[in-house]
Structure formats: C-alpha cells, structure tokens
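Below is a structure I'd like to ask you about.
Which chain is which? They are A, B, C and D, in the order written, and residues in each are numbered from 1.
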Amino acid sequence: MIKVGIVGGTGYTGVELLRILVNHPGVELCVITSRSEAGTPVADMYPNLRGHTELKFTVPDTATLGACDVVFFATPHGVAHSLAAEILATGTRVIDLSADFRIQDADEWEAWYGQPHGARELLPEAVYGLPEVKRDDIRTARLLAVPGCYPTSVQLGYLPLLENNLLPEQTLIADCKSGVSGAGRGAKVGSLLCETSESVMAYGVAGHRHLPEIRQGLAWFAGKPVSLTFVPHLMPMVRGIHSTLYAFAPDLDASVDLQTLYEERYVNEPFVDVMPAGSHPATRSVKGSNMCRIAVHHHADTGQIVVLSVIDNLVKGASGQAVQNMNLMFGLDETAGLNHVALMP
Amino acid sequence: MIKVGIVGGTGYTGVELLRILVNHPGVELCVITSRSEAGTPVADMYPNLRGHTELKFTVPDTATLGACDVVFFATPHGVAHSLAAEILATGTRVIDLSADFRIQDADEWEAWYGQPHGARELLPEAVYGLPEVKRDDIRTARLLAVPGCYPTSVQLGYLPLLENNLLPEQTLIADCKSGVSGAGRGAKVGSLLCETSESVMAYGVAGHRHLPEIRQGLAWFAGKPVSLTFVPHLMPMVRGIHSTLYAFAPDLDASVDLQTLYEERYVNEPFVDVMPAGSHPATRSVKGSNMCRIAVHHHADTGQIVVLSVIDNLVKGASGQAVQNMNLMFGLDETAGLNHVALMP
Amino acid sequence: MIKVGIVGGTGYTGVELLRILVNHPGVELCVITSRSEAGTPVADMYPNLRGHTELKFTVPDTATLGACDVVFFATPHGVAHSLAAEILATGTRVIDLSADFRIQDADEWEAWYGQPHGARELLPEAVYGLPEVKRDDIRTARLLAVPGCYPTSVQLGYLPLLENNLLPEQTLIADCKSGVSGAGRGAKVGSLLCETSESVMAYGVAGHRHLPEIRQGLAWFAGKPVSLTFVPHLMPMVRGIHSTLYAFAPDLDASVDLQTLYEERYVNEPFVDVMPAGSHPATRSVKGSNMCRIAVHHHADTGQIVVLSVIDNLVKGASGQAVQNMNLMFGLDETAGLNHVALMP
Amino acid sequence: MIKVGIVGGTGYTGVELLRILVNHPGVELCVITSRSEAGTPVADMYPNLRGHTELKFTVPDTATLGACDVVFFATPHGVAHSLAAEILATGTRVIDLSADFRIQDADEWEAWYGQPHGARELLPEAVYGLPEVKRDDIRTARLLAVPGCYPTSVQLGYLPLLENNLLPEQTLIADCKSGVSGAGRGAKVGSLLCETSESVMAYGVAGHRHLPEIRQGLAWFAGKPVSLTFVPHLMPMVRGIHSTLYAFAPDLDASVDLQTLYEERYVNEPFVDVMPAGSHPATRSVKGSNMCRIAVHHHADTGQIVVLSVIDNLVKGASGQAVQNMNLMFGLDETAGLNHVALMP
C-alpha cells in the first residue's frame, strides 16, 4: 500500500482527492493537513466522507509528511514552492495540483502570478503530468506538476492536429466554459449562487493565467510557438469544462480523415474517449469521472475545424489526473481507483 | 458471478442500476431490455457508460431473462405484474423497482394506481425490500419489491420513534422535498428545466401514490394504523429527497434520549448514518451514494420532534437499494458495489 | 414627487428597491448611501441599472437624508437603531427593511439578535408594515418596520384561520423553503453556488430569528399566544419562499368553507391572490412581483389544514412590501410602481 | 389604443408577449388564439398573469384577428405563411416571431426548414425587424419578421465592424451560448431539467437554422458575402444568450479605436448598451429586459477582436423586440412598455 499525504485538503481539489483515494485499492491515506482546521475530522467538514475515513486535519509537519511515499499539494499558488523541496529532501515524491511547477519559464510564471518564483532550482526536474504526452517521464518523476483544468481540455483537444502539423497558420481560438467549482471554495461574492446561477459571462478576456500554460503545451506538440486566443466563461453549474476549439485549416488535405486521426491517436488512452463522428459531448457525461470526451467536426466551407472537448474540472482537470499520475509513478494500473461512471442524470 | 438481467433500462432508475452494476465485483450483466430501443447500445443512449459496457438493448424474452440468476424490473407501474410470474417460473428471482408489489392490499393498490392488479397471487410472497426492517425475509425472497423513494426516507426517519411506541397520538406530518429525477425521463412539460428550475412547488397535496405505501410501513413499525399527512414538493435540482418529519409528542418522557435512540437503532446499519445532535444533513451529502443520513431534533417547548432524513432518490430511493437487496438475496457482502462517496461539490 | 433616500444600498434588498423605484411614477430618487462604495455609480455595481439611474453611492449624511421625504434602511441589523432617530428628528419618515423595529418586545429582540436594542424609545411608534393587517396604522406611520420574508408568507397564510378562531389547539407547523438570496450578498462559504446548488437542507431548526417575529404576528391575529414550530430550509435557487403551513383542526365545523373564508378575507387585497381550490402555487409565479399567492387544502381524514403560501422574498418579502408601505404612507395608489408581472419562465 | 391580437400564445414567446403587453400603456389586448387550449383562461396556464388579464384562448378566426390593428404570430415555423396573407388582406398588420419571413431567399429557407415556403409572394414586402439597422423600413412595414435570438445578438455584435469594413478576411466565428428556453415549451426529453441542468454541450455544429439568417444580415452590413462559423451551445439556465464573437483582423489600423467605434454607432440606440472598455457583460444583467449589452476587446498579439454580446433570448431575442417593432410601426415611443429593469439577482 502506498502511503499518501495531502497538504491543504480543505478546498475542492482536496476533498475530491479524498473521494477518490478512500476507495483506491492501493493506497493508505496517512495524513491530511490544514492549519486553519487542525483537529477537525475531515468528515465534519465534508459529510460525504462520513464512514469512509476517520482522518483529522493536522498542522503540516515535514517529518510526518516525509514518512509518506507521496504527498499531494492541494494548496493555493506559491505554497508548494517552499514546502516541496523539504518534502523531496526526505525522499518522498511530490504531486502538486497547484500551478507552481507547471510553467518551465520561471520569469513567465512570475509575470502571470505576480509573485517571486520560490523554487527555480526544482523546475528542471518537474514533470508536466499530462499522461497522454508525458507518460514515460511521469513514471520516474520525483516532482510532478498536475496540469490545470482548462489546459488539460484544450491541450488534449488540439494535440492530434498539432502533432501532425495540420495547422500551418496556427491561429487558434479556445472558447472555454467552466463550472463555478473552478473558482475554488473561497468566500467570494463572485462565486455566490445569487451571482452565478441563471447567468453566463466571459471573464479574463484580457488575459488568464492558464494561457501561458496552454501555449507551453501547444508549442511542445507543434514544435514551435503557437498563436492562441483563449476566452474562458463562467457557467451556472458546479462541475465541468467544455472547450470549443477552433482551428483554421483552409487548405487541409482532402486525404486527411480527422475522425480516424483522433481515434488512432487516443486508441490506447484509458481516459480519452473520441466520440463517434458528429457527436456533441455534454459535460455531464464526465461528471465525477476522469474521462475526457472529444468530438471533432470539420466545416469544409469555412475551413474551420471545430473540436469539442469536455472534462470534469475537479477530476481529469485536477484530482483524478493527479491520481492517474500517482498510479504511473508507482507502477500501479493507470486506472486504479478511477473507474467511476459519471452521474447521469 | 451472479448473472443479472434488467427489464426496461431506458429510464433513470435503469441507467442508475447500470452505473452501479458495471462496477459491482460480483455481477455479470447479461441482458437489458427495451422494446423501443432494441438494437441500440446502452452507451449510445447514456454516454457516461461508454467504455464500461458493450451491452445493447434487446426485446424482452423470457428465455433469455430466465437464464439470469436475477432480473431487475425498472419498468412503469403495471408491467412487472404480468412478466414477473413468467420469470419466476423459470427459477429466476425478481427485484422490482416499480410499485407493483409494494402494497400488500391489492384493492388499495388498484384504488391508487387506477388499474387492475395483475398478480394478486404473488403478493403473499412479495417481500418489501427495506433491509433495515426486513433483512431476514429479504435473504430468502424470490420476489422483492424495492421501496419507493419517499417511503424509504420517511420510514427510516420515523422507524425508531414508532418501534418504541413514543408517539401516542401518531399524528404525523411528512413534508418532503424531491429533485425532478423522481418524475422520470418521460417527456413531460412539467419536468422541463424551464418549468422547474428557479422554483419550488408542492404537488399532490390531495393525495399521492406513495401515501398508502408509507402508511403500510409505519403501521408495521407501530403495530397499529398511523395517521399521516404527506405533502411532497418539487425542488429545482436533479437528485435528492429531503424529508422533514414532524411528530407531536407533548408528553415525551424526559428519560428518553432521542439521539441515543436513533444511534442505537442504526448502529449496525451500513446505509443509515445518524448525524451528530444538532445537525442539518444536506441532500448533496448523499448524492450518488446509497446512504440515508438522519438528524433528530426535539422542540421541548412545542412538543414537536423534528426528524431530517435525506437520501439520493435514485440510489437509496431506487437502484442502490435494489442492489443492496440483491446482495442480501445472494449472500454477498451487503455493501458490495455500493461504496460510492457522494459528489461534493 | 416624493423624495427618497436609501441607506445601505449595496445588498440585494437595496438593489431590488432601486429596481422598483427607478420606474415608480411618484418617486424621485435623491440619495443612496454606502460607506464602502462611496463614489461608485450604482450602475457599476449593478449593471442592470445602467440607463435607469445616474446615482452614485455616497457616505451617509443626516442633512442630505433629512432633505428627503422618506428614507429606506436596507442595512444589517442594529444600524437603523442609531440612525433612525436622527433622521426622524428632521421630520423625514423612515421605512426600515431590517429587523430593528419589527419586534415590540425589546428584551426578546436582544435575546435573539445578541446585541443591545439601540432605540427602545422608538418602539411604541414603530408600525409593523403588513398592509393586510395594519393598513390604517401604516398610513400615518413615521417609523415603519417592514416585515421579514418568512414572517410575511407565514402570517398571510395563517391569518384567516387565526382571525376566525378556527384552531383551538393552535399547534402550528410552518415548513418554509427559501432561495439563497435570503442570506444576502455577503461573501460566505455557505452561500456559494458550489455549496447550495443541487441540494436542499434545513437550517436553524433549533431556533431562527424570524420565529419571535412570526409568533408576535400570529398572537395578534389570534388574540392570544400561539404555539408554532418553524423549520426553514435552503433551496437551490435565487428567489422565492414557499411556506407549507400545517394547522391541526380535527373538529373543524363542517359548515366552514375554507376556500370561501380565504377568498373573502383577501378579496380586496391587491397583493394577496387566493388560488382556486386544489391549486399548488409555484414560487416562480411570483418571481419579481409583489404578489403573495395562497392555496388552502383540507385533509378531512387527518384533520390537517395545509396552506401553501408563496412570495418573492426580495419583493413582497422585502423591497416590494417596503414600497407598498411607502405608497400607503404618502397617499399614493397602493400598487403604484408594483405592477410587475412575474417572469415565467 | 392599438388593438392587438396574438396567434399561438401558449409557448414561451407568447407568454412573454403577454407579460410585456399587459403593462404596455398604448395597447389593448383583444384576442389570443390556441386551438388546443381554446376556452382556457390565459392565467390558468400562466398564473403569473393572474390579475393582469382576463383573456381566454380562442380558436383562430380571421374576422376577429382582422379587427385588430396588428397581429403577432408566436407560432411554430410554417404556420404564419398560410395565415399571414389572410390577415394582411383585412388591412391588419402582421408581426411574425417565427422564422417564416426572416430569410429573403425562399429556396434557402426551404433547404433549412425542410418544407415548402408557403408565401413567397409576401417576401418582397417583409421587413427584417432589427431596428438598429432597418428602423425606417420598420415604421411603414405591413409584414414584419422579428429576428431570431442568436441572429439578434450576433448581428448587433458584428455590425460596427462590418459596416466600417474593418474585417478584410471576414472569417468570423460566433460561439454562442443559450438558455434552454430557446428550445421552447415542447415536451422533449432534451429539454428536461434532468437532461440539461449541471451540464453544457454544443449542438447543431454541422449546421443550425439560424446560420443562413445570420449570414444574410452580416452580408447586408458588409455589402458582400461573409464567411461565418456558428456554434451554438446549450446552457443550464432558463434565459439568456451570450455570444462570443471572434473576428480576425491582423492588420487593423492602429488609428481605429474600437471602443469609440462601438459607442458612437450605438449612442442613440435605446436598447444597445456598449459597456465600458474591459467589461464582461453577464446575461443576468439583461434578464427580463429588452437590452443588448456589448463589450469589445482587442487582442493585439493574436490579431483577434473579441466581442461579447448578451441578450435575453425571450425579450430582445423575441417578444421584446417584437414590441419594439410594434412601437415603431405605430408611431409610439420606441421604448413604450419596455422599461423593465433586469432582475438581479
């Protein structure tokens, strides 16, 4: 049994990690930390966990965390920078769900996150945990950066096109729709039910922190910089991201069958489901599951390829993908503990 | 592995059965029927099941169904009456999620359901599948009637009070709130999002079909008829029932500790969770899980006992309880396949 | 034109007052105050008001407010106590939407609100602004206390029964369901969309601040103290209160026609609509309007009378009723500015 | 007072017309028709109208309708074709909310709507009722086609760019999000709360009936055909359309100030509100109102202009715009009866 610790477990990615891990066949949950809630049983804060765990929040402590095989960070940005090195020094591996190690260019990270990067020396060994692209690196990673929610859905949607160099212009538009849980459990007016239900709005049109992360991934796939317009929107629901991805390919070779291209690229991926041609995946089809469902459409008249990519932002977009990475890092079945069927309805 | 068939799997209780059974460790899903969808892969109708099952809907056929160890009926009322006898005659056991065998008094059934009872001869052996009350009968049942959603939450909430004869007046009020999935997947104007969201309303105040079923159970517990006022309400959400149960007990003996009474009654029940004193269980704490969470309050000044009882109407109120019964009927661990943690958020 | 000021206009009752008053034919909006938002145009905070008002928030100032004919307080509890006397001293009338002057017994107010009552000397002249009961007093009031949202719906629902002395036992149960806007615009975790949507829960079962206010009103109607059990519930929606009211009347005289009783009591009330016999009013039928819709049911078998009473908590439960009172106080048509048709769907 | 009739008033655009017209100062509602509901009081179907109208549904009758000054058609596609000529022949003007007269090319209409065009001879005089573009034609129209919901929000969003010839490439992408009320009040599984809430999905990616209508308008503005990719999405809410409009303008002249361009274009428009630079309009800011709010963003690095355009699909996208057109046709104040402030929250 892998001994697992969680740092910062009071937020939505923290409780979602717990939901997955308490039923994981290869894991022993040893410690979960929260300074503000130290002493409180986890199940008092999250009654869905009553009967599933007796764990209490504790103050973070390197010795205790270092006794684990792996520690998940479900902390706000900037926290993992300082703590990760201490944990790694004990020989314990680290899986960070925050943005702290996702962007390889520390200067760019600082520009977008508005604070000094606290662990530049660790960046060279940080592995970007998108298994569909980095599986081999992940297996041996000591420090793993779990991709963001928007980046996961956008990158998986564009991957086959960019890898195959089908977009000479590379002027991409990602119109993304997210549920409110992406904003976290913080007490903010903008996340109140009375402010977000029965309404749709864009936000961060001038610039969003996930843009550099997405661009970094797309450039890896294409082998060169990629121009992307990214517009996130807030949806009146709890979970789910729907990315509508546009790629202008007016001169696409008639011999290219996009449906086959996508199906072949992902045929062996346990958590990417290429839907039949003409499909419109709904976010509810992945609610609570680690699946990314993708459909690809082609408008021959306008030259636009339209890719629809849906995930649960808290699962494949965060905690589920973190566990998928853990499974790879420890040689478990990649799908262990991740067989949830989405709740429909 | 228990061979399982499902009759009428296109509705919400059908797909919920599938969600649970595809991950059940002791079950082999053999057949699922639907006349209207025969030939369609289940996962085409319910894409959350893509990758979890290759089953296709077939036309119901006694031979095929009779080759199963157990057949679930997830059909509209009246259908199981005619088919169940055929299936039972093959030696296959039947678990009926409809109301067809819940009420022992066939005349009363006919009065409420407005049609002739098609299987009066089977009623004597039909077992009411509330494990917290009928566990021993369930183990040996050939024909099992899964309790309704409202009846499950109301009966579990009143059970300790009535069993202990604490309510001499027995003038009970059950004010129940249900999500829209209780109305099924039928195309009805009254179930449209535009008719039900952002609104609350009572319905069936003059009489609801679950009333005789609830009264039957309460009378069993009390050993005599019980007077009940039952008012169901429609909530703007998909899943969940919240029953607020009132019991007037002005002369309650001061020595009775209701919290202890409830805790002791349910201490060994895997799917009833008595919350700490003063709690207010939310339906989301059981969303997708088979748990019933209960809190008991006492207003000494008015003499009212107030019991709060929440379930997921599609799980403990239907398909989860059906599987719990199956586990008992076949000698499996009662909780097999039912360890889901509720989705929060 | 009546000159109107608003103290504390940043909350939901404040913006709702503005929504109503900017289209009121007899009102000139002169000032709206907020210390925290001083200088900000109201329409910057509430873009629905763009084009309807150029007002900016200002720091509260007695001279400016005293130049108005009437000042609405849409402030947290305790604020109006200290300011109202100053405003009244200038000859300006005060309509308080908070709870500060609703309860005539200052000791009881202090017990429930946990702070000293700051204006006991004003209580004798404070008028409880339920027009259906206090219309004449309202016309001449200098200081008006707008009833709370739950109290409005519950009191209007029980009024005909208590006035006619039909409930000898007077053991009443009010099971009330409210949208989240009742919790205000404060940044609280408990009001987040991710905490409140797709869920129902009771709260304050042990005691809620609206209980003494409701009991005060019911005792007025009955001419004696009334025993009431009040259980509020949080609904996954923005607006609306649905009160399901139970009254045990086992010996109700067969000559009493409850439907007629209600219709006659409210026949001249512009904002109480007694629905036809057998109705189930939905909260959406009053969304955005000042109407209270009521249906009365009688269960002869159990002796329970069941009254269904719905309002929009922000309109008839707060700002609309405040304007209705203003209309009465200034001799305007009682319905002026309040002709909104509820949004359906 | 203008005498008004409505044909087909049982759907959501019908009841929304009623909501607006019962409070319109210059209108007398004379008749509303529905074959299926003939004899039923409108307020029985839509209780929000109780107290606002005594009208009953009647069977459509040319004589009665012909006695009106204007008749609104709120019918399914194809119905107005046959009836409109009869009504027009009586001298009564017609405002059609369906798609029957929106597209000038009858062949294209037939291709998209899959039925013969029933009134080709009327097309030359049919006026497309987008007041911001066709105001003068509208004033004298006998037969008016109210624009569709998506087309209204998309056309108003692109109008200033195309009129000023700022998009040489004219490869446009309209990513549109709509509430479920756009699907109407029909009893369809796809519109159930349990199928649409807590989920987002695209639909009609291969082609949607509003595409030719949008293209027709954009071509008028540009003076030449325009290439458009249109992807509609279904949102888990009742009302509102959010159109996110992309226009690739890599060589935009630095002297062009888009904010000023938009503000000047719409400065005199009562129902188009250009938000301050950097804004993100939410659909709730127009819920229940006839306003279209627009914000324009420019990504200089990628060359993309991003326009955000929100309307209430049932008001500016249907019934409100219909009344705006009526006001123009009869020489009333264009805003008469349309001063609603959006409900927030």
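Basically, a residue touches a chain if its C-beta (ideal position, glycine included) is under 8 Å from a C-beta of that chain, and two chains touch if they have at least 3 such contacts.
Being a predicted model, the structure only gives us computed values, none of them experimental.
**Q** Among the chains here, which has the CA centroid at the largest distance from subunit B's centroid?
**A** D
**Q** In angstrom, rounded to a whole number, how far apart do the mean CA points of subunit A and subunit C lie?
**A** Roughly 45 Å separates the two chain centres.
**Q** Taking each chain's centre as its mean C-alpha position, how far apart are subunit A and subunit B in Å?
**A** 36
**Q** Using mean CA coordinates as chain centres, what's the gap between subunit A and subunit D in Å?
**A** Each chain reduced to its C-alpha mean, subunit A and subunit D end up 39 Å apart.
**Q** Among the residues of subunit C, which ones contact at least 2 other chains?
**A** Within subunit C, residues 12, 181, 185, 194-195, 197-198, 236-239, 281-282, 284, 287, 345 contact more than one other chain.
**Q** By the document's touch definition, which label belongs to this structure's chain graph: line, ring, star, complete, or other?
**A** complete
**Q** Mind pulling up the subunit B residues that touch subunit C in the complex?
**A** 171, 173, 175, 177, 179, 194-195, 197-203, 205-206, 227-229, 231, 233, 235-240, 242, 244, 246, 248, 278, 280-284, 287, 297, 299, 301-304, 306, 308, 310, 345
**Q** Contact residues on subunit D for subunit C in the complex?
**A** 12, 15, 18-19, 22-23, 46-52, 181, 185, 197-198, 238-239, 273, 275, 281-282, 284-289, 291, 293, 314, 339, 341-345
**Q** Considering only the defined contacts, which subunit B positions touch subunit D in the complex?
**A** Per the stated touch rule, the residues are 12, 180-181, 185, 187-189, 191-198, 236-238.
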